[in-house]
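One structure, pasted below without further comment.
Chain lettering (A, B, C, D, E and F) follows the sequence in which the chains are written, and residue indices restart at 1 in each chain.
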Amino acid sequence: MATMTASAEATVSSQPKMTARDVKVFYGEKQALNGVSIDVHTDLVTAFIGPSGCGKSTFLRCLNRMNDTIDAARIVGRIELEGHDIYAPDMDVVQLRARVGMVFQKPNPFPKSIYENVAYGPRIHGLASSKAELDAIVEQSLVRASLWNEVKDRLQDSGTALSGGQQQRLCIARAIAVDPEVILMDEPCSALDPIATAKIEELIDDLRGRYAIVIVTHNMQQAARVSQRTAFFHLGTLVEYGDTAEIFTNPREQRTKDYITGRFG
Amino acid sequence: MSAAALILALLGLAVAAYLAARARAAAFAGRTFANAADRISSIHSRPAYHGWYVALWALVPALILVLAWSVVGESIVADRTIASLPAESQPQTTLDRQAFLTEVRGVVSGQLAGAFNPAADAAVPIYRSIKTQWSLVIAGLAALLAMSGGGFAWLRVRPHFRARPRVERFIMIVLILSSLVAILTTFGIVLSLIYESVEFFRRVSPIEFLFGTNWSPQTAIRADQVGSSGAFGAVPLFWGTIFIGAIIAMIVAIPLGLMSAIYLTQYAKPKARKIMKPMLEVLAGVPTVVYGYFAALTVAPAVREFALSIGISNASSESALAAGVVMGIMIIPFVSSMADDSITAVPAAMRDGSLAMGATTSETIKRVLIPAALPGIVGGVLLAVSRAIGETMIVVMAAGLAANLTANPFQSVTTVTAQIVQLLTGDQEFDSAKTLSAFALGLVLFAVTLCLNIYALAVVKRYREAYE
Amino acid sequence: MNSPRVQTDWASPVMQARVRSRYAKERRFRFMGFAALALAGAFLLFLLGTIFANGYTGFLRTEVKLAVEYDPFTLGIDSSALAGPGGENALNTANFQGVMTAAANARAQTLGIAAKDLVSDGAWLALREAVRTDPGLIGKRVDVWVPTSGDFDLLGKGLIDRAVPEANRPVSDTEVAAFDTLKSDGAVRTTLNTTFLTMADSTSPELAGIWGAAKGSLLTLIVTLLLCFPIGVMTAIYLEEYAPKNRFTDMIEVSINNLAAVPSIIFGLLGLAVFLNFFGMPRSAPIVGGLTLALMTLPVIVIAGRIAIKSVPPSIRDAALGVGASQIQVVFHHVLPLALPGILTGTIIGMARALGETAPLLMIGMRAFVTDVPGGLTTPATVLPVQIFLWSDEVARGFVEKTSAAIIVLLVFLMLMNGLAIYLRNKFEKRW
Amino acid sequence: MNTTPTAHTVKSFDEDLRQLRLLIGEMGGLAKDQVDRSVAAIVARDAEAAQAVVQSDPRIDRIEAEVEQLAIATIARRAPLADDLREVIAALKISAVIERIGDYAKNNAKRVNSIAQDSPIRPMVIVPEMARIVSQMVDDALDAYARRDPELARDVWKRDNSVDEYYNSLFRALLTFMMENPHHITPSTHMLFIAKNLERIGDHATNIAEVVYYSATGEHLTDRQKADETVYTVSEDVEGEQER
Amino acid sequence: MATMTASAEATVSSQPKMTARDVKVFYGEKQALNGVSIDVHTDLVTAFIGPSGCGKSTFLRCLNRMNDTIDAARIVGRIELEGHDIYAPDMDVVQLRARVGMVFQKPNPFPKSIYENVAYGPRIHGLASSKAELDAIVEQSLVRASLWNEVKDRLQDSGTALSGGQQQRLCIARAIAVDPEVILMDEPCSALDPIATAKIEELIDDLRGRYAIVIVTHNMQQAARVSQRTAFFHLGTLVEYGDTAEIFTNPREQRTKDYITGRFG
Amino acid sequence: MNTTPTAHTVKSFDEDLRQLRLLIGEMGGLAKDQVDRSVAAIVARDAEAAQAVVQSDPRIDRIEAEVEQLAIATIARRAPLADDLREVIAALKISAVIERIGDYAKNNAKRVNSIAQDSPIRPMVIVPEMARIVSQMVDDALDAYARRDPELARDVWKRDNSVDEYYNSLFRALLTFMMENPHHITPSTHMLFIAKNLERIGDHATNIAEVVYYSATGEHLTDRQKADETVYTVSEDVEGEQER
């Protein structure tokens, strides 16, 4: 079954970029995740699928500590970025989030110019020492996000004036601009139509190899299309995690099979 | 029959009409149909709408008649009564006439045991009979209108009759009439201010009023007194208003209000917010007269003490600073709530977006939230300025009445609103420049706040739409 | 594409220093926010504290015990006259002042002061009330507690600083000594000031009450509410649900939004020019005050109503329209019930504002000195905030505590209204 | 694994799959029938019966086209995944195989004319027995498909050897028979083709079994068959070596 | 290609339930639809697909005059319900909407009890003369919407307390309660997860035959799954309209083909 | 219609399809090569060359399995529609057909041993010519597939008749040859099978052409072929009638 992803397989770095071991999340009394263990590799797109409320988004937000912003959330277990525990006291959350970027469900460009949107990250982190360098970063990020050609003549226009799909690509460019190691995407296409969705999917494919990409989607077809690894969550549990082609053509777990073939009881 | 009784009777009639028509409509709606579609297409309106339709026809025309009568009826009866008196006992002047009628009515209503004016005493039975006659006529007319209106409507009650749209159109008319009140109020304000101001500007040149720097609106005690027609240069007033409302108050209110809003929306834990937000609301709910009293009683003396202690000898007990600071504090919750609204209107996704880039909370606030909310905040500040310059009680009580053109905050200044109050309390003669000048000041105040409001509201509206 | 950048070295000293300084800025900013809020809170506490400290004594008064002889001769009536239908009239015409003066003079002489410095001008009212309840008192000599004069009242509450030189304080040393004598005799006491809550204004601070102003406020607000609630709600419904986008609607919108921000004193000028001068309505009457405040409150209710109506999700309207409800049914079956808590909240807040409003009422003459409790909508009246304003202008030292006490009463009402509004808002906040 | 899976939430999807299975069942039944009838016609040397077999073949072709269209429509409309997808693909492949079985049966039937004109040939007695085994294999393979039964499929797949043995002995017998008398050559040649066709039908039943096994388990029988292929090749080689 | 829809084909009533002829819609100056002609049959589910802004929702809302609520919308052309022009002056829009029900993108139950949600339509149209009759209508509607078993014990609970998918089925029950002839669905599953989506799709399949159903979706797979007829809209134009299986396996128009195969240029 | 379609927005989808086409091309090239080499071995009576052909066959089988997996994965991951879907299905079907062509070539190669042991047989001269035509058909059918060219496919499909004619004449010649001398029977029988296999390869090339045509146009050649089927049947019948 692995034929078609052979090339992807071949380039898997032996060392995973991020590892999660037995991660549990509690929202107050409620347990939202029951011990999830997963590896995230650079060179691979990892997709999280599962029905609403299965914990896939919750887990994603653990990976860059966005759950910190929710007071009631409590996280148990160990998540490492290149071997360092990201919940360790000496881990700086500002740096962590610079290294683990995030793209949200609804495109959320800042109400500033396209240029400023992309320059925001490098500015706050002091990544550019001159205007020219900043310009270069902005251009490079937009090019990588496949948006440069569409916006190069109107970098000073507001980011919110773009179409939904372009906004989402702008958000990706913004995330890229701080040169993260991992990019988390939380249902990045659910607010978009099929055309914009296809463009984002193509972009994700382009970015693969340079960044470790994790994408949450409740569109199974999308997971099948863009990812090389798929994790199926159900009721806060990681049911199955493996090669995407394998999951979609020959899943091992009955629950996975029932879910992807549309047998929802 | 009194108007109230008549209205009650009409209401009763309307209720009866409603019940009857509804029953009639229910009779044909009660038939059975093969399916819902048939029923929907063969009976237009539900029985209750037929009831309403008939009831409205029975009630509204008659009600209009009765209400009209209750407005003009009294004067008709009075005219008739006086006309039917012998010519020599008719009151001649308007004043006489009013006194005469007051006595007659007093006797009729039983408040007076007897009239002092014998002619009035004589007019009482005439008044009574005329009033009874007319009341009967009107009651009869009303009954006729109610019957014919109701009857007309009754005949139209049919399965296919579209009662609902007609009832709804009536409701719509009532709604539109309600919304006219706002326009009428605006027109009322504009017209009354302009009318009186024109009177004023006939006496005092607008140029002097707008650009003169001397304000002492003492009126002549006698008309022939020379040279004491007062000075109406309003510039010191304008300056005082701006100094207190737009400068001192804002220096206090903007930073405190803005930072409060930021802390509340971005930092405070939900529990803390639950306590702090109502606290600001309490601050907003305190009446201005209380602030004024506080400013005059507590703050002003303290400011004066402070000024004296730092060696400012001419510090007044009614200082611009005292009024301005208290006004600023009064405005804090206003600025804070406008800023709060503007900041919360920025989608949470933007905050998340920035945090996810690795920005700290303050960076997110300063670089994303505030710029995004800026139009809303600016609009809010402009509204706050508008509110501050229109604020009356604090300045009346704490700022004093001395029209000084000074930038010394420890001195007393006066404001437009304080002067309006000053000019219009006590005896008013609507032909004196002093009284009329209040309306001119009011006009200026209205014009300035109007411009500020319209601009600020437009800014805020455009801002809101950006995030909808 | 440019050559790939070198991976950022987050562990470098430069970066570490940068992060530290960013965190320091973060802490400073957060502290500033907290400080602003704390300052506002401190001010509120200071304001309320001052008012309360000044005002709570306004609810108390000092009384002095006098031996009063209800001499039928001086009174001009006897107990028999009080029985029967003419009794009330007889009581009102009886010369209680004389009896009081006699009793006060007798006591004052022993103390070496004037009677008017000992008892209040209105002290005789207490005698009348006593006789009204017990007509058998006539002809007897009994000990009665009566209100002291304003100065003694202040002395009793300890509000006069005895250290101040005699020339600079309202009471002479003799009076102070007299008061101390009385006090050591046990002939003065401090009790609850019932007249403050039941009487109308007076020139004597110890007799001045706020009931007249409170009732004036009540009448005014009733007029305001009856006018502006239905009109406001209907306007809000029309604008939010039906009004087509055209010039007329824009005009209404601009009018309302602007009226909401027009200084209140302008409404006073409107009331003065239109209701008083044009329509010739009576000055100082609650009906005019109510009308004026209604015009002022209307935009508040309209705007609150519109916000409440707008916050009902459009999907509810679509849903109702989708099953074949008419536009009117949509509003009256769905939108209005859902928006009602919001509208009510807005209305209460608007009414609270109207209750605290002073300036426009000054314009239409509701600053009249009214010693009677107003009976109807057209009789002259004053309202609480104006009463406060008037008292704050009084020179008599006794009015300071009255003013503060009146403010406390006003604030209690406002707190109750705002509390109700907050309760409503929290209870019904966003259920969808 | 051979339990009926739970139903899809969208029942018309189940309906589509059932329809597909029904078509395959019908088609397989027809093909098996063709095989049986063609052999019967050969044995009975009944040209008319043979003609009937030839004329029935287009029905199988039509059903194959139908299966293909339904499979494509099902993929297009349901985007099936995992075993659903394997099942649709299996149906597509099985229908092609069955169509080929039908073709072989038809081809056999056509040869009845040629055989009937000559005198009966001795080695033919092996044919009905061989046909019986082959027909049973087809039957069982279809049964395995209908019941999603990988074990039965594996069983069918193992039986292929015996068919090969029959074929080899028939081949030898026919060669001998032809050498006896040149007049036997024409009918024997046809008989050779008939035997070869039957052998191929057996192969195809094995194919079906392989597909069924994969569809049901997600694993290939082929891998192990490749290890076994020597057997198959030997059998072919036996045939060749026989000639040496 | 029509094999699999043969049964559906067979029962197509010769008379279409609704017909649209050369319908054009203008929003102020902007033309949103350029002459759309379509027939809607009872017994068939008709799907409208196309990229965002292609006019499919606009057209759907013409069919029950929900566009009336937008001031600037102007509609030209003729739409008939059983031969009657629905834009004729004598057509009462309230009655029209009772006959042409609608289900919206976001589940929008009234914030009332489940019972009241379903009973609302029959109440305002006076379809039940007694409480018992109303109860029967409510039960029947919930049964048809496959919701009865899930809610029968808590009819007095609020409709908003249900899960998203249940809410949407409640909305369908509400539409069914007035016994409409046509049900319009505007992306009814776009706010739902795959499980809820599958249940709604199954429900749509159940309802076919009783009501003429028109569904707008930007999920092509969904159109393929639930409909028998598909109309592809592009830039306000009806590009292709025909048998669903045909459209998805062998479209005639190049634009349709490019769209459904994901060639968005 | 035979223009290259515009690219998919998601380019890896194009990549999948290209990969599929590459595999089919490789597989087809191999099969054609097998056919050519097997015929060459037969002509040259070269047992070693033949053995090489037999040993190459598993490569084709492996590619077929690869095609199937890729096709299934593509359907699972891309949910292709319209011509994309038809193309994937076509690849699936074509790979099965090519695998069969390879099998026939292998079968022919295996027979070289038997033929080589006897003296050359006369009618064999027809074989290279027939093989050339068949090989060309396979080539063109694959070309049609690679270029999505329905016209070329239709052309291949029409050429099937000439193969049948060659087969018929070879069949007649071999029968005669066998009757001449019983010693000719064994090699001739093998020759018969070789001819039949070549004829079948031609049929399969025609099959590929049909599939290509459908994939490219969405329309079936089959329908018209069914009208033409008499030709095919006649050709078979000719073979049979020849014997009568």
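Just so we're on the same page, a residue touches a chain if its C-beta (ideal position, glycine included) is under 8 Å from a C-beta of that chain, and two chains touch if they have at least 3 such contacts.
This is a predicted model, so every value here is computed, not measured.
Undergrad: Just to be sure I understand the contacts, which chains border both chain D and chain A?
TA: The shared contacts of chain A and chain D, listed by label, come to E, F.
Undergrad: Copies chain D, chain F: same or different interface, half of numbers shared as the threshold?
TA: Same, since most residue numbers here occur in both copies.
Undergrad: Let me check something: if the centre of a chain is the mean of its CA atoms, which chain is farthest from chain F?
TA: If we average the C-alpha coordinates per chain, C ends up farthest from chain F.
Undergrad: If I average the Cα coordinates per chain and compare with the overall Cα mean, which chain comes out closest?
TA: E
Undergrad: Measuring centre to centre with C-alpha atoms, which chain is farthest from chain A?
TA: Of all the other chains, the one whose centre lies farthest from chain A is C.
Undergrad: Quick check: how many Å separate the C-alpha centres of chain D and chain F?
TA: 20
Undergrad: Centre to centre, by mean C-alpha position, how many angstrom separate chain A and chain B?
TA: 55
Undergrad: Compute the distance, rounded to whole Å, between the mean C-alpha positions of chain B and chain F.
TA: 94
Undergrad: Return the distance between the CA-based centres of chain C and chain D, expressed in whole Å.
TA: Here the centre of chain D sits 101 Å away from the centre of chain C.
Undergrad: For chain C, which residues are shared contacts with two or more other chains?
TA: 22-23, 324, 326
Undergrad: Among the residues of chain A, which ones contact at least 2 other chains?
TA: In chain A, 94-95, 98, 124-125, 178, 195, 198-199, 220-221, 224, 248-249, 262, 264 touch at least two other chains.
Undergrad: Which residue numbers or ranges of chain B touch two or more of the other chains?
TA: 40, 164-165, 360, 363
Undergrad: Which chains touch which?
TA: A-B, A-C, A-D, A-E, A-F, B-C, B-E, C-E, D-E, D-F, E-F
Undergrad: For a test of understanding, state which residues of chain E touch chain C in their complex under the given definition.
TA: 64, 66, 69, 71-72, 94-98, 101-104, 106, 108-111, 120-121, 124-125, 160, 171, 174-175, 177-178
Undergrad: Which positions of chain A touch chain C when the two form their complex?
TA: Of all residues in chain A, those touching chain C are 92, 94-95, 98-99, 124-127, 136-137, 139-140, 143-144, 178-179, 181.
Undergrad: Mind listing the chain B positions that touch chain C in their complex?
TA: Touch residues, chain B against chain C: 40, 164-165, 167-168, 171-172, 174-176, 178-183, 185-186, 188-189, 192-193, 195-196, 255-260, 262-264, 266-268, 276, 278-283, 285-294, 296-298, 329, 332-333, 336, 360-363, 365-366, 383, 386-387, 389-393, 396-397, 417, 420-421, 424-425, 430, 438-439, 442, 445-446, 449-450, 452-454, 456-457.
Undergrad: Considering only the defined contacts, which chain D positions touch chain E in the complex?
TA: Of all residues in chain D, those touching chain E are 8-13, 16, 19, 66, 69-70, 72-74, 76-79.
Undergrad: Can you name the residues of chain E that touch chain A in the complex?
TA: Touching chain A: residues 51-52, 164, 193-196, 198-199, 218-221, 259, 262, 264 of chain E.
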